[in-house]
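One chain, chain A, appears in both complexes that follow, with chain B as partner in the first and chain C in the second.
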Partner chain A sequence: MSKPESESEPTPDEYGTAQSESEFESDPVEAFDDAIDMDLRSGADDCYKCSTCDTSCPVAEVDDEFPGPKFQGPEQWRLKRGDDHDIDPSITDCSNCMRCDNACPSSVPLSQMHNTARGEYVEGLAPSLWNAEDAIADGEYREALSYLGDIPAELSIEFVRNRVLSNYGTMAGLGSKFPRLTNFVMSNRITKEVNDRLLGITGERDFPEFADQTFREWWRERGGPKVESADKRVAYFHGDYSNYNTPEVAKAMVRVYERFGYEIRVPTQRCSGTPMFANGMLRDARRAAEVNVTNLGDFIDRGYDVIASCTSCSMALRQEYPELFDFEETEKVSVHTYEALEYLRIHEDLEGELRDVKDVEFPDLAYHAPCHARNQGISTQAVELLSEAEGFEIEDVGDSCSGISGTYGWKTEKYDKSMQIGEDMFEHMRDAEGDTGLTECPTCAMQMGHGTGYEIRHPLEVLEAALVN
Partner chain B sequence: MGTTLQEGRVAISDDVLVIGGGLAGMTSALAAAEQGARVRLLSYKKSTLRNASGLIDLLGYTPNGDLVSDPFDAIATLPEGHPYERVGTEAIRAGFDLFDEAVGETYLGHHTDRNALVPTYGGTVKPTARYPVTTAAGLASDPRDTLLIGFEALSAFDAPLVADHLRAAGVPFDVRGVTVEFPKRFRADATAMRFARALDRDEPADEGPSNTRAALVESVKAHLDGAERVGFPALLGDDYPEEIRGTIETALGVDVFEVPMGPPSLPGLRLEDRLDGALDERGVRLTTGNPAVGFDADGGRVTTVYTDRNGRHVPFEAEQVVLASGGLVGKGVKSNREGVSEPIFDCHVPHPENRYEWFYDDAFDDHPFARFGVHVDRDLRPLDEGDEPEFENLRAAGSVLGGYDLAAEKSGSGVSISTGYAAGRAAGESA
Partner chain C sequence: MSSHTDHHSRTGVVVIGGGSTGCGIARDLAMRGISVTLVERGNLTHGTTGRMHGLLHSGGRYAVADQESAKECIQETRVLDRIASHCVEMTGGLFAKLPADEEEYFQEKLQGCRDCNIPAEVLSGEEARELEPHLSPEVEKAIWVPDGAIDPFRLCVANAADADRHGGRIETHAPVTDLVVEDDAVVGVKVRHESGPGKRVHGKEGETEEIRADYVVNATGAWAGHVGEMAGLDIEVRPSKGVMTIMNVRQVDTVVNRCKPKGDADIVVPHETTCILGTTDEEVDDPDDYPEEQWEVDLMIDELSQLVPMLEDARTIRSYWGVRPLYEPPDTGTTDPTDISRQFFLLDHDERDDLGGMTSIVGGKFTTYRLMAEKISDHVCEQLGVSTRCETAEEALPGSEDFSVLRDYMDEFGLRSPIGKRSVQRLGSKADEVLKTGEPNPVICTCEAVTRAELRDAIGGSGTDLNAVRLRTRASMGNCQGGFCCHRMASELYPTHDESVVRESLDELYQERWKGQRHALWGEQLSQAMLNHALHATTMNRDRDPAKGSSAVEYADFDAGPGPAVDADGSTRATADGGVPDGGVSNESVTDESVSSGDGGDDAAGGTRGDQ
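Let's turn to the complex of A and B:
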């Protein structure tokens, strides 16, 4: 292992800051209509109404008013072919867990249909706002001004709340500048009450703390990668959460991958778009996705595969981007993106490495598979791997949804449902031998901790503790 | 392969790889694991057992359409190439033993070789080898007078109509059907799942002080009128079917049974749970979410199977492979105007070149397409055009097999279980 003496190759955008991303934001947002007008007829036609999706929907299980994925997808698509049908508001009750995708025996693109319908619905909520933003992006400030008068009347508290939650990364970027102050304010009872009553962000949960040093700050301070390799190269998509809140996960990724001789790069990136999809903020998602696709595409051209440590981030890059956007390199990024443990299992003999490791830091684990791991075929990998290793006892706590689904469980009106959905998982965790929770998804981790009080770890942290000195 | 992985990769490696998460695949995986092999089950989606009635048929009708009373008598007369002829009686019995062991006390029918006759929600009577214990009191061979209960909100089960049909079918008992209101009202398109959940949790009824179970009993009591058993559509609980049926039986003072329904099917879901548990107990590794799309072979052996994950191929290595990917409906056999094919290994699927010879004009004619599938040797290895095994270590099980018409014969479950067992055992032994 050697530290690169100099940045011999120019690394596009690697050390870019949030400010430099604004150049992308000023690009005109165009062809949004592609997303909502894309032909989903074959999806509707492939549905033979077996209702398997409805039986897999965690929201329908606790919410009698929610019509379920079959309605939200194929049935709604057919209904709105008629002129007099608007998108049903219940589309905003879907948590975008995407379990229906994994259930459908006929490969109907349910989550794609939900995402487009939700986007269309939200688009209709504040047309003047979107028009003004478009005009600003085009540099048409006079035109933008003409929309301003209508905006306040169109905005509901819920819309504002959802936009704030969707753009967590922007908030977190500000908050993490003064982590201690922000943590103090956000954990304050008064702040919680105000959030709850005025914004509809539940006061039942503790706001995630910001780290004193973000992952990107740490990475810069460290001087970037400590390993160079011509053939083992990965570009790390850390996402907002492990940058601002859990840099220990991102650091574990770095140490584990370097242990196996990988050269790591950390491209400039924005939110994967997961919370934006779930809230129908497709324009915001599109802007973020364009930055990510462009920057990750550059690295792929230079022989890097993209690695994400969050299963929702990898899901967004792999599945939602190609289903919703058509940037030049969308497909390329989709094909070259992996979840971190998945990639190592394909390319390294992880089982062999772990087999004889005995003294480990987290020996008894209760694992929850995030919903977004299911469609990627990786919902059993952590249990499979660690149950072969002598030093670990690991138990899967069942195939239910944790119930938080990113921003869903943060909404005041959804909190109780979120906890009801999670009840199965809480119960199984309490019954499990393990006293440390394990999952890849940061919001599942929040819910696991919130419902049981357990300490929750990421598989990469467990690997780091077992394999890296 | 379209997309290849970087060189020097280490694929995920097992002794036996089973492709397909249905009844055939699950049975294969159990049988291979029983031989001590390390087994992985690859399934694209959630198991489709939740679409199945939960009845396990073996052979209900001969290929000539005659009702079968003892399947083992009839099997001896099946034509060469039929899956049962291929595996032989011993494997069929061993497969059913494995099934019986996996499902335990939740299924009945193993005490006899003869078919049981179970009433269906269409008002027909289905010859079947094994049936969920929840349906046991409803057997059509049982002469007790019967009351069927339907619910206003569940249009899929029209009790008076089902009773009419059963009477027309000549059942040896008096049968009536009445429609009552379920104690809780749900959205108009609520599925059987929602009813089952209300009973599982015994949610409060919409009116009166009672909970769902007690209120349901009250609404049925008034119609009992001397009936000796009462049948409900299969929605008596997902998590606690025994407890719920027991409560209702005690309160009504008569036996209670379920009539299996279409999808989403509670008996199918319960069976899925049971088999999942058995797979877990035997350490079978499960990978779901992506379809198997291709393979590498070396010297006549399959070495690696690839799943497709958004355009990228993920490799799975194995010594032995079982193909249990389903038939025309399950997409394990595909057809277009040009021909019929097996999409993963491109195994030979015999069929007439002229596609107008694939079918006849009437819906219920004896269509050739219903028998399309791979043909196999007696070791269940798919055969190429020259009747030689396509691969030394590839076996096929379930409805990907040709040579039988599972819908007409009522043999789908039995073929899945017996060929799944035989293929899985052979794979496990050779691995």
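Let's turn to the complex of A and C:
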């Protein structure tokens, strides 16, 4: 951990409500030349065509129409000529689980290729939609209408649906202002049917409930950090989900870290971009990433490391940002970011602390490793830690993908495939001894609960229950 | 030379050589209504044409030293962009100046282009890098010219197909064994129709034929001297070799030339999915036998990395050498082959050597092949008293008639868009006819996006010669160099052709793929080669070929399923798929006989082989 350079006054924007401004607001993005104009053809040099990526792709396993990561990545890129922009629409069937990255024996930048191709596809498909949006932002409504006029309804609905899903934080920001009303409306059968029919958001799933109080509201009310430290300092990237839906995970992180003497700061932040990458909304992702990189970068300069409690958030900051964007501090943020449990295991003797703890709240656990944990090399951390502790029985339910992959399993046309992919995991959970599910990823947790009816916890919650009074 | 001849035939004109010039002549003469027979010792483009870097010259390269050639180039580039659009990609070209390159030469180049009516525009270093982002930051400025890329295989095949459509006869794998000379005139040629894998469907295999003609054209380029010798003629071609190194991907989408007087390793040509680095220029004695040396490949990468730095660490997939058919009139006395003119020469052997009935065409270059063909066809027509006009500059080649690559690939062809697009780019106006078969159309070569329908069409044109099929389609020319598709290509020959023909055709293709990879065996391509070898060794037993063993493979053993196979004599034997034979024969008692015979006891390999 790096040394602090000055006293630790919170930055003025630390308590700001991150999502107070609309995410649909159009920030001027002058030079949009990094992700979409990127030439990744040379990445195909690393591909030996061995097809290991295809065999590890959970979508290809259940969707015979999906050509697989090798085609989507190195093959499609290699076939490109300079100004070709015809990306095959099948790129939108990739769930962005990124297992292919981990599977490739030759370091082909598969997910980078997929993300950029998807961005290019959406950009090419929907220029009129983007133009319309820009026109609306500028108050040019007549112009906006003229753009919208020449788009087939089907296309614009899918675009809007993907836009809504990938900008979850915006919707959640509005919804959590009136959490009870929103929860009532969203769980209403009619709402579900309307969502399903009109927007293509499946009605099979229960919409995640909004907490009565967001994590940031709680944090502000609490008066920020209770512990100050000159050398143990973390800046917390909570992401949208633990802010709006599962503040108990964020609070668990705060209590556990403070127990170990860490000073915690909660920088102003926006969505990590994960759902935006998965839907090709690179413009949105870029805007969000710029805010995050700038704010987190400031904290890193003052001696903080960045921790995230969601494995997809830490994945985005560590791998996707440097692969897709070229902000000044992208690399710095990347190398200073950790997943919350990973960071504690590096710096504290968690095994020792847990060794003699008995009578824990969640003694029997069935753990699922999120795909995005796999790429960070931390897919076994929870099992390694808790299997050594006397108070716990923990079982890994296997290395399959949960199938939801963020927004993928929320799409009406993908729902069945999502459940088919998850079937292995559901079965293994049912067979496992544990009666509480455990995972770091909020959408994996959704899928685990949806497929099995189990209660699902985050490792930080388990630690909190075991180590904090 | 045996005096026995199996067949005799008669034609108007025999054209020897199936390269760009020969195919161009055959098309030109056939379009003028003359009966023409083209004979080629290998497949089309077997000689120099198939071993060039695919540059369609704007003429910029010759604009200082050889303005006559430069003017022809710009004129012919415009013609080809019109008549051969499905073979041409107008990429544009740059002459990039590095700090070490002379400013004076840059100005001469610019002036030369203007003198020759080659559109030329000066770009700043920044502008050049905006066009080609991987260009070195050292590049100070560049001249943009309308260079392009051309696929020589497709071009020759289209010319030959058009000659065929106009009544011409194309004979590949038919080397000329002798010129027939009577009364101080060449009156025909003797050819041998070669038999062997990939060749037997052509001509009458293993037989000889005497083709009598009113006139013979020797369009064999670097081999013109060899043909001339058959009639005691002395044709002083000066073959000069050059290396070309193929990169796995396109680092540039514009032709990039170094702006300095002609020298080694000064050009990068984007060609289909790859970039081709070229070249050297070194005189050789024998166009069929010259050394291919690694230093030549290293030179390409080292030198051209100065222009495009990422080439230094980029993957090369193979290298090949070609032989230029340079010629200069006797007594010119040029010592350095780079100084020999790229002009072409018609050698009428009647005027030159008092031997009538034959003209040789030597020198010249690919870009002006059509013009050369026109000139020699005019000359032949004059000899034959035919006055029909040449129309090859106006009539589009088959495949290049009106077509657009902007199609809905999925709706129209059921193909993913990059696959559909590449297919349509290759097939041009033939796309609908070839791709819309109404049958399942899987991708056979995934590197180059070649589907079964396109392969079958090529097999229809080339027969069992899978190397010719490869050249027509680009199948097996991508980064795995056939490791994952050679066998899939070969299986398209079955069951029209027997297993032994299919196997030999496969071997021939697989061998050819190795040939060029020998010069790329480091880094990624070495890994690829090892993976290819391991896969083929373990699944097709290539490390120990059972077909080369003393006894024939008992296919019935493999295909009989879980029941016992029955031999010709009625006895039963174990099945190779692990099934337990019934009929009272225990598995153990027959293991020795059935498993260890032939293939070293590798049961798994045998089983897979049976599935071929």
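The rule is simple: the second predicted complex is superposed on the first by the 419 of 469 C-alpha atoms of A that agree within 3 Å, B and C clash if a C-alpha of one lies under 4 Å from a C-alpha of the other, contacts with A are read in each partner's own complex, and residues count from 1 in each chain.
Just so we're on the same page, contacts are C-beta pairs under 8 Å (C-beta built on N, C-alpha and C of every residue); 3 or more make two chains touch, one makes a residue touch a chain.
All values reported here derive from a predicted model rather than from experimental measurement.
Asker: Regarding the shared-chain residue A:468, is it in contact with chain B (first), chain C (second), both, or neither?
Answerer: neither
Asker: Which of the two partners, first being chain B and second being chain C, lies in contact with A:41: first, second, both, or neither?
Answerer: Touch partner of A:41: chain C, not chain B.
Asker: Taking the superposition on A as described, I'd like to know which of chain B and chain C A:331 touches: first, second, both or neither.
Answerer: First partner only.
Asker: Who wins on chain A residues touched, chain B or chain C?
Answerer: After superposition, B is the partner touching more of chain A.
Asker: Between chain B (first) and chain C (second), which does A:379 come into contact with in this model arrangement: first, second, both, or neither?
Answerer: first
Asker: For A:67 in the superposed arrangement: first (chain B), second (chain C), both or neither?
Answerer: The answer is both, since A:67 touches chain B and chain C.
Asker: Which partner chains sit in contact with A:78 here, chain B, chain C, both or neither? Use first/second/both/neither.
Answerer: After superposing on A, A:78 lies in contact with chain C but is clear of chain B.
Asker: Using the superposition on chain A described above, determine whether A:52 touches chain B (first), chain C (second), both, or neither.
Answerer: In the superposition, A:52 touches chain B alone.
Asker: One more residue to check, A:86. First (chain B), second (chain C), both or neither?
Answerer: In the superposition, A:86 contacts chain C only.
Asker: For chain A, what residues appear in both contact lists, the one with chain B and the one with chain C?
Answerer: Touching chain B and chain C on chain A: residues 50, 67, 71.
Asker: Going by the contact rule at the top, pick out the chain A residues touching chain B in the complex.
Answerer: Contacts found on chain A: 50-52, 54-56, 61, 64-65, 67, 71, 102-105, 107, 231, 318-319, 322, 331, 334-336, 345-349, 374-380, 384.
Asker: Could you please specify the touching residues of chain B with respect to chain A in the complex?
Answerer: 3, 5-6, 8-12, 45-46, 48, 50-51, 186-187, 189-191, 193-194, 197, 263-264, 269, 285-290, 307, 309-312, 314-315, 330
Asker: What residues on chain C touch chain A, complex-wise?
Answerer: For this pair, the touching residues of chain C are 89, 91, 133-134, 248-251, 253-254, 270, 273, 310, 314-315, 410, 416-419, 421-422, 446-449, 478-480, 483-484, 524, 527-528, 531.
Asker: Please output the residues of chain A touching chain C within their complex, sorted ascending.
Answerer: 39, 41-42, 44-50, 67, 70-71, 75-84, 86-90, 106
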